[in-house]
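So, here come the structures, one by one.
Shared chain: subunit A. Partners: subunit B in the first complex, subunit C in the second.
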Partner chain A sequence: MGFFDILQGLMGGAVTAIYITLGAGTFAMALGLLLALAQTFGHSRWMRWAINAYVEWMRNVPALAHLFLLYFGLAAVGIRFSPLVAAMLGLGLVGAAMLCEVFTAAFRSIHPGQREAALAAGLTPLQALRYVLVPQMLRLSLPSTANYTSQLIKDTSIASAIAAPEIMFFARNLVTSTFETSLIYGTALLLYAAMVWPVAWMFFRLERRLEMSR
Partner chain B sequence: MIAFFTTYAEFWSDWMPRLQSAAKVTALLSLVGFLLALFLGAVLTAGMRSHNLHARKLCRGFVEFMKAVPLLALLLALYFGLPPLGLTLSGFWAGALGLGLHGSAYVAEILRGGLQAIHKGQREAGLAAGLSPVQVFAHIVMPQAMRIMLPPLLNTYVALLKDSSLCALIATDELMLTARAISSESFLPMHIFLLVGLVYFLIAFPLSLLARWLQTRLNAGRRTMGAT
Partner chain C sequence: MTNPLLRIENLHKSYQSLEVLKGISLELQKGETLALIGPSGSGKSTCLRCINNLERPTGGAIFLEDERIGQLPDRRGGWRPMTDSELAAQRTEIGMVFQLFYLWPHLTVLDNVALAPIKAQRMDPAEARHMAKAMLDRVQMGHKAHEYPERLSGGQQQRVAIARTLAQRPKVILFDEPTSALDPELVGEVLNVIKSLAEEGRSMVLVTHEIRFARDVADRVIFMDGGVVVEEGKAKQVINHPRMERTKAFLRQVHDQPVAEMQGAP
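Then we have the complex of A and B:
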């Protein structure tokens, strides 16, 4: 069994990895933005405390523990997810906490005068967010978002621990049928790098372009 | 809800000793991994700053590769992929080596960034004042760079501590594997994974807080000294 046969055998896992990345990434972006907005512009002290607690819990406990909780823990109390859904949900919840922190920091570094000026110019608070604050926040947080995205692609490998048919899952199956252990795991490593590098490069280009137009 | 917590009381004496010894393995594993990462990271930084073009390219390439591959894939490659090539590592050592290699890329970036932030004039002034290059590094560059590097290094340790949970998948008897074993005996996955999550949190959270505190403190010092 040669390199290309192995690569072909792992491809199915790569597709799953992309699905999980897209699903978890979208979920994390949406929830992260929502939490960051509540954290920055919310007035309830309790809510801010709760969001902080959520962020700290998510950031200081391994992602694997979250996946096990969602997949095995919830199944024991009658809530069953498929491995794929559990992986998207788990990695998404962890990502939301990370992005919440990134977005909050970016919001804070935008001068308050920006919002005041937008409101004074007659924009509604929602319009000020949509046209003035969020675009700047997204640009400011681009480097951290790029890091997060690479991290997420790599973290999809953890989903194999709850039997999601992901690259490492396929690799393990291939090993049991062919015994080409070193070659298979070596190929899997290269496959991840081949997924992470183009994405990292795209973010790099985007950062450059936005830097220019500044 | 109350029944949920009484379950803990019931199993406390069985679970606690096992989690305690597992926590020791996790602590040792992450510390050995971190020390390895510090050492390798320092070597890589030296390589990336060397005058030799090939050394620079090689170290940069290694760092970029390590940053692009998941730790789990690396661990499985080390644990299952090396024996056919003639090198068999125990779960613990494969784990420590994996954590070290994985962490070294991040450590190298932190060290490189920290050293780069110290203005070249500092070094030149030190040399002009008659200090040897080693003295300049140890007494002028390093103390200042340390202030920049310490908080992110601490964060890297926290990341490695959490990542050490992946060593459960290569049969290292650390917290997560112990939790899995307990969960399959007791059929109480919710209880045990929450508990083990809490154990990680209790170790990682204070360290995260310390890193954040150091960051603000050390940065404040830097600003008042007027150095950027």
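Then we have the complex of A and C:
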């Protein structure tokens, strides 16, 4: 079995990895932003405590354990997700905690005068958030968001443990039938790199462009 | 005398047990420039920030053309503080220029000026940008319309901030130490703009350490110390011929020379 046959055999997994990245990434961004907003601007001490607890929990427990809990654990009580959905949810929940920290730190690094100037100009708090604070926060958190996205692409590999048909899942199957261990896992590595590099490059270009306008 | 444009009655502001404003009352007539001077910690900036409710007063009342600022009648016949959303319309009528400019770094100079008219006042975007350009020209910053704020000097940034405030079409403009953060050589360009606004007949309240500027540009001066108004009167009278000992001591201190030596100007 040659390199291109293996590559072809793993391509389906790469497509799944991209789906998981997109699904989990979007979910993590949206939930992370909501949590960071509540953490930074919310008035409820109880809610801030709950968010802190969530973030700490997610940071300190392996993502694989969450995937198992979502996929096998919930199935045991009658809630069944497909491996793909469980992977998106699981990685998304972990990512939301990481991005919540990143976004909260970025919000806190914006001078309070930025918001005051917006309010003094007659913007409502929501408009100040939408047009002044969130755009600055996203710029400030771009390097960390880039790191997170690269990490997420690599982490899609753990979804193979719940039988999500991604690269490592196909690789293991191919190995058991062909025993071409080095070539197959080597090709899998190249595939991950081929997905991470364009994303890293895209973020790099974006950072450069926004630096010009900061 | 006509009804004042801005009226502050017995304004109090406390932070826990620390009382910063101890009952300030003042009036501003339409077209008048009022300067607040006084030592650091005297409450001038807090007083200014209470006018547009960036600091919430703990007592007293503020009226702009007889409309109470920051308070709404409640069901029991009293008053309740407005939320920031409810305050937005009133704040549009009270422009504010900050010591540190606070231009929004992710927007071009033109968009900094046009944002509030477009979003807060729902002006047509093309019309708002046209107006924003005119305001930038007014402060000699039209040629920088498409630059980002970080490429500008402090003086240029403050002039853009003034244009941003003018674009709100406010009834009164508050200046919170607008030149304190500037290098000495950049102070003049900002003071010139403020002076020209005063000459145009804008209604302005100016917190400043530039005592000579206050004397030459303001119609009236209020000297504050320890959260109270110590002395109030026509600018030249208060600064050239202060009556109160505390005012005299302050003016001597900031100029490092006797008050009499400042009396070269009329």
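Some observations on this one:
Criterion: the second predicted complex is superposed on the first by the 214 of 214 C-alpha atoms of A that agree within 3 Å, B and C clash if a C-alpha of one lies under 4 Å from a C-alpha of the other, contacts with A are read in each partner's own complex, and residues count from 1 in each chain.
The rule is short, and it goes like this: a contact is a pair of C-beta atoms (placed from the backbone, for glycine too) under 8 Å apart; a residue touches a chain by one contact, two chains touch by 3 or more.
These numbers come from a predicted model, not from an experiment.
Of the two partner chains placed by superposition, A:T176 touches none, neither subunit B nor subunit C. In the superposed pair of complexes, A:S157 makes contact with subunit B only, with no contact to subunit C. When subunit A is checked against subunit B and against subunit C, the one touching more of its residues turns out to be B. Using the contact criterion defined above for the overlaid structures, shared-chain residue A:L119 touches subunit C, although it does not reach subunit B. Residue contacts after overlaying the shared chain place A:A76 against subunit B, while subunit C stays out of touching range.
Subunit C makes touch with subunit A in their complex at residues 52, 54, 84-85, 87-89, 91-92, 94-96, 98, 100, 102-106, 108, 115-116, 119-121, 148, 150, 161, 164-165, 168. By the touch criterion stated above, subunit A contacts subunit B in their complex at residues 56-57, 59-66, 68-69, 72-77, 150, 154-158, 160-161, 167-168, 171-172, 175, 181-182, 184-186, 188-189, 192-193, 196-197, 200. Subunit B makes touch with subunit A in their complex at residues 64-65, 67-74, 76-77, 80-85, 158, 162-163, 165-166, 168-169, 176, 179-180, 183, 187-190, 193-194, 196-197, 200-201, 204-205, 208. Across the complex, subunit A meets subunit C through its residues 111, 113-114, 116-127, 131-132, 135-136, 139, 210, 212-214.
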